[in-house]
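Two complexes are shown next, each including subunit A; its partner changes from subunit B in the first to subunit C in the second.
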Partner chain A sequence: MPVRGTPSRFLKSVLHNGVGRYVCQLKRISIIFSKNAQSSLGVRDFIEEGVVDYAKKNPGTVVYVSPQSCRIPRIVAEYLNGNVREEIITSKTAPQISELLSKLTNQSGLDVIRIRKPFHTDSPSIQGQWHPFTNRPPSIGPIRPHKQAAP
Partner chain B sequence: MVFLTLPCWIRSRGPDRYWKVQELLKHARHFRGRKNRCYSLAVRAVRRAFVYATKARKLKKRNMRTLWISRIAAATREHGMKYPALMDNLTKSSVQLNRRVISDLAITEPRSFLSLAKLARARQQEGFRAVLGDGSEPPGVFSRVVMLQ
Partner chain C sequence: VKMAVSRGLPGLWRTCSLLFPRHPLLFPGITRTQSSVSGDLLPRTSLSRPPWAEQTSLVPAEEEQSRHAAVVSAVNQRISRQDFGRLFAVVQFAGRQWKVTDEDLILIENHIEADCGERIRMEKVLLVGAEEFTLVGRPLLGKELVRVEATVIEKTESWPKVHMRFWKRHRFQRKKIIIQPQTVLRINSIELAPRLT
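Then we have the complex of A and B:
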């Protein structure tokens, strides 16, 4: 994909998360599955055993479990900055689903697009950024008050 | 009498042409002229764009390296040295900084870069003394090679 054709962003953290306390950026998880279809077999196993532990471990995330008649089971993850991510979990086993959930928990809600640089600083220069006069000696001496020759 | 041949002549084409066309045109939206609207022109332009993007991945590495080298050369000439002298003497003093880091230092940390240039010049003088002078002078400090077990 060409660089100008696809969107890109700089590396950042949401409101300096982690510098002070860490706030889990995942707001809501909705697991949509069907009670009888074969594609949601893994989801049903996960809901039997793993969902309650997951919800207890992440107290800041709301977990909704909604059985509907649907062909493809999904996980809809909503983040604190408003981004919504949908993952399709047909024919996944329960450990795979818990792995996927932990990946979604660790993500911040920023877009998954090309990151221009893998680093970011707020203060890139400590000694003062170079400008054309950095390494030039001054051409006139220090400014002194004008000496009046007293008579 | 039942006429059966006429309905057989009516064919319905595929239902997805609009979405397949849009999938290609979305990669051409930022082009100039009719290439961003008309499918047949866009097909060729998008293919060229992808080919250029593939080739440019190698070129980008080359171009970035030449950019760093020219920046380091300009910065060392401000301090009275030349780029090959700086890099040779830095490697001989086992300073394993790559060109990207040294060019960033030259921009954002001018005094550290000055100290690197002075180090390289000292090592250069030691090299000259070792070659040109007789063995009476002591060997230099920066040309000591440290063996770490």
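Then we have the complex of A and C:
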């Protein structure tokens, strides 16, 4: 699939995030795992040790832990702009899961698609945008090259 | 004919017309070629001087100096009164130069060692401008003069880029998915110190 066939967006932030204070964009994390399956072994270890520290470190994020009988353990992350991201954590170890969680915390909820430009400004020109008549002295008559032979 | 960017060689003339030098961190030294002929440092070719006649200024040296002093004092007054509106700056960061104002976003293709929400000061400032005046550094402006501050907003990964190599008729193809770490910075403020030297 060529690059222009894939969706793309411009670089932006959710509600001018850095201008005033910085707000963590992660709203809610739900960890869905099973109590007895082998695939959620790492998740169970992580819930024993790391979940409480994570929740204390990120006071703006709500952490839900729900043991269900499911074959595949998941993490469902919801962001402030409404996007929902689901990650599958089958057979991952506890440090890998905490790394994944920190990655999700640092993201904002915008789509992970091609970003067209690596910059974004609301005021692109301060001294005035250039047009062919800036810094050009007005002249009467046609404009010709100087007839000076360079020695 | 395109000339390579010179770094202060006196014989080549494409020096001052470029606003942002391609290598801002190299010291612009003057190299001297060995020539037994005293006088010209480089041989005179069709490209060693511009095609227009060299114009000596019509103004005597003292008047030119007084004009320069007037301009400098005018700019000093404006800066000491903080009489400018929005400032823009050209900043060297992550191997690239960015033209930056307040409240604008920048995407860097690697992770920085600062957490989300931390404030960062960008030290390599090449140029600062307002609507009425510009300060051009040679190549950098002093740290006591300008202060550019930014906040780390987001540390994500890029979209999965496909890196594929294919040679036709050789049964060779390799496909690799590349995901790069990315950081988004928001420039919070650009401040000018109230005194210039």
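Annotations for the structure displayed:
Keep in mind that, in the parts below, the second predicted complex is superposed on the first by the 136 of 151 C-alpha atoms of A that agree within 3 Å, B and C clash if a C-alpha of one lies under 4 Å from a C-alpha of the other, contacts with A are read in each partner's own complex, and residues count from 1 in each chain.
The rule is short, and it goes like this: contacts are C-beta pairs under 8 Å (C-beta built on N, C-alpha and C of every residue); 3 or more make two chains touch, one makes a residue touch a chain.
Since the structure is predicted, the reported quantities are computational estimates derived from the model, not experimental observations.
Of the two partners subunit B and subunit C, it is C that touches the larger number of subunit A residues. In the superposition on chain A, A:106 contacts subunit C only, with no contact to subunit B.
When both complexes are overlaid on chain A, the residue A:130 reaches subunit B alone and has no touch with subunit C.
Once the two complexes are overlaid on the shared chain, A:4 sits against subunit B while remaining clear of subunit C. Applying the stated contact rule after C-alpha superposition, one finds that A:120 touches subunit C and leaves subunit B untouched.
Looking at subunit A, you'll find residues 126-127 touch subunit B in one structure and subunit C in the other. Across the interface of their complex, subunit A is touched by residues 27, 29-30, 49-50, 52-53, 75, 78-79, 106-112, 114 of subunit B. Against subunit B, the residues of subunit A that register as touching in their complex are 1-5, 124-130, 134-135. Taken in their complex, subunit A has these residues touching subunit C: 6, 11-13, 16-19, 22, 24-25, 103, 105-108, 112-115, 118-123, 126-127, 146, 148, 150-151.
The part of subunit C that touches subunit A in the complex is made up of residues 49-53, 85-88, 98, 101, 103-109, 116-117, 129-131, 134, 150-151, 153-159, 184-186, 188.
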